[in-house]
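Letters A, B, C and D mark the chains as written, and numbering starts fresh at 1 in each.
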Amino acid sequence: MTHIPFTGQLINMCASLLLLIAFAMLSQRRVLSLVHLFAMQGLILAFSTTVVAYSSHQSHLYFSAGLTLVLKGIILPVILHKLVRRLDILWDVETLFNIPTIMLVGLALVVFAFNLAAPISHMAGTITRSTLGVAMASVLLSFLMMITRSKAVPQVVGFLAMENGLFFAATSATYGMPMVVELGIALDVLIAMFILGIFFFQIRVAFDSLDLKHMEQLKDD
Amino acid sequence: MKITDLLFQLVQNTVLLVAAPLLPGWISQCRAWLQNRNGAGVLQPYRMLLKLFHKDAVLADQASVLFRVMPYVLFSCMWLAVALVPVLVTGLPLAPAVDVIGLVGIFALARMFISLAAMDVGTAFGSMGARREMLVGFLAEPALLMVLFTASTISHSTSLTTIVETLAQQHFVLYPSMTFAAVAFVMVLLAENARIPVDNPATHLELTMIHEAMILEYSARHLALVEWAGALKMLAYMTLGIALFVPYGIAAPGDWSALPLAVVLLVLKLALAGAGLALIETLSAKMRIFRVPEFMGTAFLFAVLGLLTHFLLEAA
Amino acid sequence: MSTLAGMLPIDWMMAIILFWLLLGLAGLLSHNPRFIVQIVFPLGAVAALALALAALAGTAQTQVATAPLGLPNLPFHLRLDALSAFFLLLLGAASVGISVFSSGYFRAMPVSKLGLLCLEYHVFLASMATVLLADDAYLFMLAWETMALSSYFLVTTDHEQPEVRQAGFLYLLMAHVGALAILMSFGVMLGAHGDDSFAAMRHVHLTSTSASVAMLLALVGFGAKAGVLPLHAWLPEAHPAAPSPVSALMSGIMLKTAVYGLLRISFDLLGVPQWWWGVLLLTLGLITALFGVIFAAVQVDMKRLLAYSSIENIGIILIGIGLAIIFHTSGKGALAALALTAALYHALNHAFMKGLLFLGTGSVLHATGERHLGRLGGLIHGMPRLALLMLVGVLALAGLPPLNGFVSEWLTLQAFLLSPGLPQPYLNMLVPVAAAALALAAALAGFVMVKFYGVVFLGRSRALAAVPPHDAGAREQLGMAYLALGCVLLGTLPTFVVLGIDPVAAELVGHSLAGNVRSTGWLLLTPMRAERASYGPLVLLLVIGTGVLFTAWMVRRFYHGRLRIAPAWDCGFPEQNARMQDTAEGFGQPIRQIFEWFMGVVKHMPSPFDVTPTFHSSVHDRLWDLCYVPVQRASEMLSAQIGRLQQGRIHVYLLYSFVTLLVLLAFVQ
Amino acid sequence: MEILWVILFPLCGGIVMALFGKHRLAPELNSAMSLLTLISAGVLTWRVIEHGSFTALDEEFFVDAFNVFLVALTAFVGFTTSLFSRPYMRIEQHHGKLSANMLRLYYSMYQLFCFTMLLALLTNNMGILWVAMEAATLTTVLLVSLYRTPASLEAAWKYFILCGVGIAQALFGTILLYFAAERLLGANGTALLWTHLNQVKGQLEPTVLSLAFVFLLVGYGTKVGLAPLHNWLPDAHAEGPTPVSAVLSGLLLNVALYAVVRSKVLVDGALGTHFAGNLMMGFGLLSVVMAAFFLSRQKDVKRMFAYSSIEHMGLMTFAFGMGGAVATFAALLHMTVHCLTKSAIFFAVGHAAQKSGSQIMEQIRGLIKTSPTVGWGLSLGTLAILGMPPFGVFTSEFLILVTTMHTYPWITPVLLLALGVAFAAIFSRMQVMVFGETTGQRLPHPPALVPTFVHLGLVLMLGVYVPPYLAQWYHQAAALIG
């Protein structure tokens, strides 16, 4: 195999960590630990972005790394934490059906994603060829997570995790999107977070629970 | 057309008009003989007409104009029908105006009027008669049409003149299709002229009568016209049958020398036909009204079969 | 003035169409009912007359025009040739009477409805004219659907009654489905790189298969409009629902636009037809005709009865077209021309007589408020003039000489009789059977008409609360008298009519009857040679007329003429009442008994212990259960299955997206 | 710079309404802002007519034949809807369904929504396009849940999650696009500019682009409402306030489709195959058929028309996918007429529902009696949307069907079947609502149906006559899209 520079190895390291976290989220029952995992994801993301910035001398990537750190590492987790506390679902535990199956499916997804990414990643000009597959995998995993979660908050966490995966793809595979786009995306995510916050309370008022099984009234059958 | 033809047409019509009542008279006379009675004589119909023409007419209070007009329409329709059939000579002036389809049309017109008139007064019998008459009619009319079509496909024409000329005055050919047609025609004739087994002219039994039920409300001059029209209709049918199936002896246009023979032959044929009709009536019994559609259906079927056999065997 | 003089007939027609639209708008905007009924409708009638005249003038040569509207770089093409001219003549001539009638008939209507009705009425007329003039698929479909839409609104004028809404829905649905079929047929015939003008379609050379596909699609489409079996279901529903003049328009004229479309596509756009189309049309026509007349015989609603009889007449027209195609493809030009002439002649006749009858039912409805035959009767006493006019229509529709219905049937039968020697032997077999069936249908039509006229106008009133009927108003009578006169003239002067139709035959089948017809002068109609067949209705009329007068005079001359009015004798039965007459059901009973095996009869038998026993039986259309109900069931079932997909759980929805994504990705890879 | 005005007016509008949203004249203010937007859009259009397409602000924005008429359309419908929502919302407040705060939220979000729509249309940057689309979701989601009823919350939640997830896929697609493009255009900002991408589309890496298109299609397709990604659409339309349903159907779906088509152009250029087209045709056909069969099960009137929107969106997607001058022309025309007609229908439906106090169709009866304008608006609109001439929908459907018949004959029966089923379903219900015996009572405020009839008038005009410059745009856009 060809020699990979140290930075590259670091980034691959981060990638594998992200994948690990994604799996952890998939199988995590407790809301609070989900939030913690999400925060960890944000931190790793920020770290990997700095590494990419350093290795590729892309000054604007430092900026976006900072942005990530602030937004995904600090603000969003804090907001989530507050929400969880205000909604006092701090020790809320939700029942997942048959974790091993989900894990197996997740595994299959990862394989699928890697296969999908393989033909592309070799043409990546960056030192971080293989990370695209990881990014795609974590996106798909968080998708799977949203499907399997039966409560509102974890679903949202899954949603945000998906954003993280996307962001990782953006930075690792392509040295980051143009600044204006990244700002826009960050803004959107922030607003989304706020709106979701509002939502949680409205839902609580309406259904006095955040369980999604109450919200299955609109249908056609 | 020559003036002589026109003249001849007029003369023939008047003669036939006057002579028509003889036919029913002759038939009932034959029936009397067949039943070992000595009948009222051939002239009986005339006496009846005379009697009717002297009576006071009684009109139902419900009757409308249509009721009073009908006998005249019926009468002149039948008169026209008689005038159209070549009885003695072909190629008369009126002939081109109406062909066989038109002839059927005229009969249908008459039937329509008489049925409407029957419904006009609004009695139970009237409408019943009208219904039955139309029931018979809607099967008899196409049957008759099919019979005529057989003849006209043979002669490649629907004008009676051409038909008769083809059948009579050209070399003699046997047409198997015509046998079917003949049977059908006889059945239609029985039905259309209200004879046994379809109808009984001599009865007023409510449940059986058809024609009589329709003219139940007529009296005096109207009744007389209706009866006379009936005689004319009978004559028209018989002469039509003769023209189709045994046309031999009908003279070609302008061939005055053959005329006397034609007259003699016509009288003979009519006499025979009348006798035959009487025989049929004596031998067969009046059938239930519900059987009539089957009877007429058979007639229709025979007629169509005739046409088919023509296309099968004779189409060259 | 010179510009006016320089206008071609087609320009006149476009102007008239525009004028109709303006009239409709005027009616919509004005809130004065007297203005609408006394100005707008008569003006519409005048325009119709002008259209008829323009059509008469337009048969001479083909004219083309384009309107500056329509799709970009695809303007509206219009074309006036013999075929469209003939149908435009039909439209104009028949709608004159109907518009005049309407101007009287609608006077009682509330103004809120009247304005809309006026708009829809004239849009309907205009769209029909446009259909006949259209020369590209787009304009044709546009006008066609507008026609359906406007007539739908006309049908649902009395939308308060649920059955009217039901009828309207069924009508528009079938019209729309038919339109889609027509659209597909146009799609098959489409010219090079999607040129949808008829001119381009004429030049496309289709394979025999695709031509047949186009033909079948067109048959479905136009059949659905014309009421060809088994697509007739809307007709007996919509006609009774609509106001009578509208029924007259629809039955008399709109059905003919479908005939026009069929002719246009089969003979003109598709070039030379194939012989089995003819057989198909012939068979369909026969079935339709028999079906229509048999069901007409058992109806108890005036307008339903007439609607079924319309189905029958469409069948007869179809028979003519089918024969024409058969002859045309087997190289018998003259016979093809004859059959085609017969079909077109019958179309024209039907427009007049059915229009007349529907208008008559309108007047009856006005006078008695009753559509059910079982409660009518004896109207001849109250409405003698209407009764006379209706008698003409009834005799004509029954196909009796010397009126017009007979002439076209006579021509059709002639075409049958002169047919032997077709290449296909079994066609030779088919022909006599077909002729027999046609004869049967014609005879049954007589039965139906006796029932109709006898039950409505003759006898005594069956109505329990006898409404004293008043005769129709002056303008109604004028309109109907016009149509009745049309029936008589069309019946007694056939030579001119046939000569008028001749250009169409010449255009479509490239053969003309004019020579034969002219050979024996105007008094006798001789489509072929004189010794083959000839028909002189005028002579017939004269002879019968003189016969009647002469007999009457003789009787007057030699007879005292004493007359007593007395109660009806009726075999001496004293107390008889109106209920002893045949009801409509009773009159139709024999037919029902004979044909019970193929119509669904529901009988209500009284129990032997019933104190006041009642018996009634209703006939319904088996084809409905056979063809329509299954379709409905299938679609309902399918939508029930699909509805399951939308079952409310957001996880499932996410799963849909997820699976879709994965499948697509796998597909890409 | 006209473009800036077009975007700034609604943005400011959003802020202004957030400040004065409770004022008595807030509705009028709202309409005024929309009017300003409309005017500036008009100026922009005029400019494009004069000089043709151009870009602005170092190419971040650009206008060409494709998006200019959509801009005009969006601004126009935005304005008419604001006109409609003036009395409508007053009546809602009257009925006590809405508080002043909610109205403020409504007005400001309405303006912001218009802003995001116009931004998405005018931007040259695929990234910004994505941002705008996401922002559109964010602005409307609170409008959907405006009534705070459980149903509306559920609808809003589904709307948010499904569209959010979907749009995330679109972002991944955009990233892949960028990934492919930067190797040609360098890592500077220009690599996401559509104009540049369009120039180099021939050399873009096919495998990446096909992958990207899948993500983009699934992403934006979710917002277009393509089956089976449509599930949010009926709920959101049915539960939100009627003006919102109108703009969702009329504008949002159009803009999402616009995004799909933009990316299709690039992918076609890169692949040189009919891959993208086939995908779109498949989705379109599926949507048409499924929507048609869904239609016949509906009880809620707005839900039904939501499904009809799915059906028509599917038809457009199908037509765009089919490609070719005529089909694309027809699709663009269909975009226009569907937008106008559907919003007109929702206007009428809104008043009808207010009149009978329910959106359930069994309880809406005999409108033509209680208020003829609503009745006629609804019936004519329905007939128009069902493709009845002489309305414009007929024109576009005619073109689409005829072209399909010409190129893919075996698909036509399926389409026609679906159209027939849809016709039967919608029409039978419309008839009962409009005609027949009546239930509803008179309204405190007169219905504002001027917008309805203006829209229908335009649609009618497009049915018989397409103005030359409009046709010219369509043709240019068709050439652009190919």
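Convention: contacts are C-beta pairs under 8 Å (C-beta built on N, C-alpha and C of every residue); 3 or more make two chains touch, one makes a residue touch a chain.
All figures in this text were calculated on a predicted structure; none of them were measured in a lab.
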Touching chain sets, computed without chain C: A, D | B
item	value
Chain-chain pair with the highest tally of contacting C-beta pairs	B-C
Relative to chain B, chain with the most remote C-alpha centre	A
Chain nearest the overall Cα centroid	C
Rounded Å distance, chain B centre to chain C centre (Cα mean)	36
Distance from chain D to chain C - Cα centre to Cα centre, in angstrom	44
Averaged-CA centre spacing for the pair chain C and chain A, given as whole angstrom	70
Chain B-chain D separation of Cα centroids, rounded to whole Å	79
Multi-partner residues of chain A (at least 2 other chains)	116, 143, 146, 215-218, 220
Overlap residues in chain C, where contacts from two or more other chains coincide	643, 645-646, 650, 654, 661, 665
Chain-chain contacts as defined at top	A-C, A-D, B-C, C-D
Chain A contact footprint on chain C (complex, rising order)	643-651, 654-655, 658, 661-662, 665-666, 669
In the complex with chain C, residue positions of chain A that touch it	112, 115-116, 140, 143-144, 146-148, 150, 212, 215-221
Residue ranges of chain C in contact with chain B within the complex	377-378, 380-381, 384, 387, 391, 395, 398-401, 406, 410, 413-414, 416-418, 420-421, 428-429, 431-433, 435-436, 439-440, 442-444, 446-447, 449-451, 453-455, 458-460, 524, 530-536, 539-540, 543-544, 546-548, 550-552, 555, 558-559, 561-571, 573, 576, 578, 580-582, 586-587, 589-591, 593-594
For the chain D and chain C complex, residues of the former touching the latter	157-158, 161-162, 165-166, 169, 210-211, 214-215, 217-218, 222, 228-229, 231-232, 234, 279, 290, 293-297, 326, 368, 383, 386, 388-390, 394-395, 398-399, 401-406, 409, 412-413, 416, 419-421, 423-424, 427-428, 431-432, 435-437, 463-466, 468, 471, 474-475
For the chain A and chain D complex, residues of the former touching the latter	58, 116, 119-120, 123-125, 132, 136, 139, 143, 146, 152, 155, 159, 162-163, 166, 169-170, 173-175, 177-181, 184-185, 187-188, 191-192, 195-196, 198-199, 202-203, 205-207, 214-218, 220
